[in-house]
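Next, two complexes with chain A in common: one pairs it with chain B, the other with chain C.
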Partner chain A sequence: MTRWMLPGFLAVGVIATLVLIVGPAIYAVSLSFYDAPSLTSEPQWVGLAKYAAVLQSAEFWNALWNGIVYAGLSIVLQVVLGIGFALLLNQRFFGRTLLRGVAFLPYLLPTVIAVLTFKWMVDGSLGIVTITMDDLGLPPIYWFETETASMVSVILISVWLWTPFVTTTFLAGLQTVPQQLYEAARVDGAGPIRRFFHVTLPSLRPILTVIILLRSVWMFNKFDVIWLTTQGGPLGATEHLPVLSYRKAFTLYDIGSGAAVATLSFVVLMAVVSLYFLLFPMEKAK
Partner chain B sequence: MTKWTSKNGMWTRRQTLRGVGALGAGIALSGLAAPALRAQGRPIRFLNCETGKDSLAFFAKAAEEYQAKTGIEVIVDSVPLAETFTKITNGIRSGQPYDVANVGFIGHVLLLAEEGQIVPLNELTDAHEWGNNILFPIDGKVYWYPFDYNLALIYYRNDLYEENGLEIPETWDAFASNCEALVKGRRKGCLFPIGSNSATNWMSFGFMWAEGVKLFDDNWNVLLDNDEMKPKAAAYLDFMARIYPTMPPGALQASYGEMLTNLVAGTVAHGSYAGRVYEVAERDNPDMAANLSVMPYMDSAGKQKAVSHGYDGWVVLNTDNTGPAMEFMRWLTTERLVDFLHTAPVHFQPARLDIYDNDQWRANPLVQKYGDAIETMRGLITDPSVVLTSIDTQGPRPDVRPGTVFESFALPEMLQNKILRGMDSGEAVDVAAAKMRELID
Partner chain C sequence: MTPSRIAGRAGVYVAAVVLAVYSAFPIYWMIVSSLRPTQDMLMNPTLVPDRLTLDYYISLLAQTDYPRQFLNSLIVAVSTVVLTMVLSIMIAYGVTRQRIRGKQMIIGGMLYAYMFPPLLLAIPLYAMFAKVGLNDTLLSLVISHLTITMPLGVWFLWGFFKTMPFELEEAAMVDGCTRLGAFLRVVLPLSVPGLVTVAIFAFLLSWTDYTFALVMIGSDANKTVPLGLASMVGAFDLRWGDVMAGSTLIALPLFAAFVMLSRYFVQGLTAGAVKG
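Right, the complex of A and B next:
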């Protein structure tokens, strides 16, 4: 390796980061200080007026709360179910490899396909779920017809789509837990529940920390599921900050407000991630 | 071999002059010279939003024909209608503007016109007679070439009407009674979207227009909650709340696809859409196609009819290629318009009135087969007593304000406040009016 290679690689990385991430981010933030009714109109400098308007609007706080509810409940369910499935798939039984593959399937599906398929399955007239329930004499489920039902539906879809990722990660973690720890726990008389809380969970702690962090960021920024199912409705019940930002920028063509919402969303996420690192610091490599 | 440098390694004066000349010619040829020079031979960039299979095939063929005829290449990009405006404005911002674009929202036409991004098309439109409320001129200048009306009509099952001895409803009460009478098993009485989407904006407010509700006065003040309009809008909400129980679950999420599928499958007795229902029924369920008829929206008292339109048209952008683009549009709208309309023969309801008497257009098998429905549709765009409007075309003149109301889904939310939250109708109207004021002030 020549002495120029390391600085060269670093320079490429820095330039790529500047061009692809820092530059667009600065541009997006700068848009929030302007008023422009379309992408082609002459923008007018308005300073912090867009932020003031956004922060004073009920829809921003509603969207922030919805984002916390959506991300929070989705992550809790994904983690609980992910650990449960991982423990199950870590047992020795016939067809385990096949089941592991099947369990991972939803994660392989493109979100748009999964969501649209779900919507058609529960369609009020022609959905296979609706027809089956009707055949069984059961009343129809109004999946997206009320504010609460819509939030529950988008959370369930998200859990179905992304629990396999959590399962697979925990499964990989479980396979690194030394068996001697379990044997020692058994010798000490620990049952399955105590073994889980005193051996398994502490061993998975580093993975748990990373998983919760990653999924928090992903779910808080998750746009596709909500946009494809409810577009934030009904009456803003599932509208979170990414949807609000998109709606303002690209349907109402208030580019400045859209950028202000996106910037505020970034700030909120940064604050949450910083707090998280403060409370749960990553372990240093020994 | 040419000796390129002088003995001392420097360029000679002649070589320098030659080099400068060659560089100038190179720049001119590479397109960095004057815009007029750059535009010579440049392809026409066309943004299409009609993404049906036949429409796409038409544009591919038309581009080939135009290039064979004139030598000018036409590059056609196709995107869904909802993405049009973003695509157009991104093209302008990036320095690669489209020369012609398909637009389905008059608010976008007005924004582009105000910014000088599109040119008037009077030289193409003045020669023809048009249906009501479609050209949207600004100071006498017409900035787009509308090719269809996309009237939202009420479809009903005429076989069920006959079986049950029902009559074509003239009032809201009669319509609601028919919906209630036709609920049987999995078949529901009607489907009108109530979600915050463009389908609701287009298909669910015809009843309100028929009742005489107007959103703005001549000075762009919001009228919705004044003494005259509020009782009418509230009555409309009461009527929608009455027919909601006859709808299948999912009216909140119903959009174009769900509506089309329910009508063609026959799972609802009434629904709304434009002529595409006939085309899809012919393809997927021909028996059902014969059972479907259309009617306009009616008011509560049987005095007034209305339809909501979802028009489409083309704009020519103000680029360095506007001249050739105009020539292409002249060719498209004179020699190929009927071929284009035939790619969705019942759905593309012509905006130009002469088309209805055009032999080539009338010769299409589907136009012939659904001649009665098409005559009904034709009457709705020429009869001045029929209210022909939409949320985004409300007001005394073309303006972006009603477009903003359209995009904000203030009126679908009014429906949801009534139907899903059980809000008092008058209060729901007040909330919608307040939101409209907030948006346009």
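Right, the complex of A and C next:
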């Protein structure tokens, strides 16, 4: 009995990994070679036809570009703001502990709630942002109606929700930077800005590498913010690969194309991640 | 204090206020809007409400499917946490303690699962559930949440068990414990911080999930709160007060949990293992 405990645990691991992850992933890729208008009808093998059609469509390249813009801009903002907030929260001041908690709160909110609250705040007639801008004599912004404004909206919501991840991780990293380094830099006459670029950033580069890698992966895959805010509109201005994939599979009932788009987005991601590991080898990061 | 130091202190406090407003104002506004009488919301949305009312909460709980959705969310999240804990403890412990070739494949599989677009898993899972008649059930949602929470749990606990010396279990076994006994009485109690972290994040991921619920759940009776709230806004008759009340009710348990367990959150985040 006891002898079988560890092999038993491992067997559970193998089965769970196969059933929950490997199996569905292989099935997803195989679905992309079939034409399946519904789940009940018999799927037809079509080979690479779905990929050919997807790669030749303008909507795929539009979605890929939108995804790069959305992920790229929101990651840059999250990292810059997150590091700024972490540096602030690392100072000594009255109420610091409380502020650290408050700064973390957005990360806990379900995306749905962040989106709904944003929509409520910019509501055309009753929203506090709309009213305040009107009082200040500023022209109204049509948050979800123009192409630029809707991209800005989804980026703003994403940055607000996930900056705390960067703040908290970077703040924890700041505690590990040896104080002697700062003192040595101070003796050499380095001001706060030089100390940040010559001591803090080099010391925290491994942590920063991991943060940027993880956030890139997640932002590129993130479906819910855009779907809940604009559903990819107006006119495809915010449609990225996850939304395109969902729309193909679940509103146009073309499961093969949906799976093909999802597989392609995984391939793009793997390419980016591999490039990243090539440029910043993991052993340095550990 | 020199003038430049005073300016520096003032700068820190100004920045602190900006950060506080930026982080907290939307949350404050959500709570205030859920408590403000309709009259004031339409005519007089002051920063600090003059009068408070629970009308929206009462109508939300009495006239909508919200209580049912809340219960669904709770059932799904608790089941996900329990299954995640059992599976990831077994797998992570097996991987760290059993000498066998190829076990790294399990950890590798978990890491790759992290890279998957959720939709890449949602599409085949949906197709598989439809085949076996599990589509549109809470169980299908629990299983799909496991595809995210289990890799998280295994990855995190693997790192945790790895740092725990073998000698602890060996000593307990010399003293007459079985391996299972040593595991239950020595390893698990020492792992409580790691276990709590995994449980919190599994709960958080399941409780806040919208994507999998959107794909898996079709009927009103099986909707979870994120899905229910989203469909309220799609509705023609938009009632912001009810929506904000529903949002507040789902956010408050998360805030309460955070206040009690904040140091575990930070531990989990800095381990870099938390999807979001």
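Here, the second predicted complex is superposed on the first by the 273 of 286 C-alpha atoms of A that agree within 3 Å, B and C clash if a C-alpha of one lies under 4 Å from a C-alpha of the other, contacts with A are read in each partner's own complex, and residues count from 1 in each chain.
FYI, a contact is a pair of C-beta atoms (placed from the backbone, for glycine too) under 8 Å apart; a residue touches a chain by one contact, two chains touch by 3 or more.
These figures come from a predicted structure and were not determined experimentally.
Q: Is this a clash or a fit when chain B and chain C both end up on chain A?
A: Superposition result for chain B and chain C: clash.
Q: Just to be sure I read the superposition right, which of the two partners does A:Tyr70 touch: chain B = first, chain C = second, or both, or neither?
A: In the superposition, A:Tyr70 contacts neither chain B nor chain C.
Q: Touch test for A:Thr251: chain B only (first), chain C only (second), both, or neither?
A: So A:Thr251 only meets chain B here.
Q: By the touch definition at the top of the document, which applies to A:Leu269: first (chain B), second (chain C), both, or neither?
A: A:Leu269: touches chain C, not chain B.
Q: With both structures superposed, pick whichever of chain B and chain C touches the larger number of chain A residues.
A: When the residues of chain A touched by each partner are counted, C comes out ahead.
Q: Figure out whether A:Tyr34 sits in contact with chain B (first) or chain C (second), or with both, or with neither.
A: After superposition on chain A, A:Tyr34 lies in contact with neither partner.
Q: Between chain B (first) and chain C (second), which does A:Leu126 come into contact with in this model arrangement: first, second, both, or neither?
A: both
Q: Would you tell me the residues on chain A in contact with chain B in one complex that are also in contact with chain C in the other?
A: In chain A, positions 39-40, 119, 123, 126, 131, 250 sit in both the chain B and chain C interfaces.
Q: Could you list, by residue number, the parts of chain C that touch chain A in their complex?
A: Residues 9, 12-13, 15-16, 19-20, 22-24, 26-27, 29-30, 33, 41-42, 45, 87, 90-91, 93-95, 97-98, 100, 103, 106, 109-110, 112-121, 123-128, 130-131, 143, 146-147, 150-151, 154, 178-180, 183, 204, 207-211, 214-215, 225-227, 229-230, 233, 240, 243-244, 247, 250-251, 254-255, 258-259, 262, 265-266, 269-270, 272, 274-276.
Q: For a test of understanding, state which residues of chain A touch chain B in their complex under the given definition.
A: Interface residues on the chain A side: 37-41, 119, 122-126, 130-131, 134, 140-147, 229-235, 250-253.
Q: Applying the document's contact rule, which stretches of chain A touch chain C when the two form their complex?
A: Those in contact with chain C are residues 1-2, 5-10, 12-14, 16-17, 20-25, 27-28, 31, 39-40, 85, 88-89, 91, 93, 95-96, 99, 101-114, 116-121, 123, 126, 128, 131, 160, 162, 164-165, 168-169, 172-173, 210-211, 214, 217-218, 220-221, 223-224, 227-228, 241-242, 245-246, 249-250, 255, 258-259, 262-263, 265-266, 269-270, 273.
Q: State the interface residues of chain B toward chain A in the complex, per the touch definition above.
A: Against chain A, chain B makes touches at 85-86, 89-90, 92-93, 111-112, 115, 117, 186, 188, 191, 195-197, 247-253, 258, 261-262, 265, 267-268, 400, 404, 407-408, 413, 416-417, 420-421.
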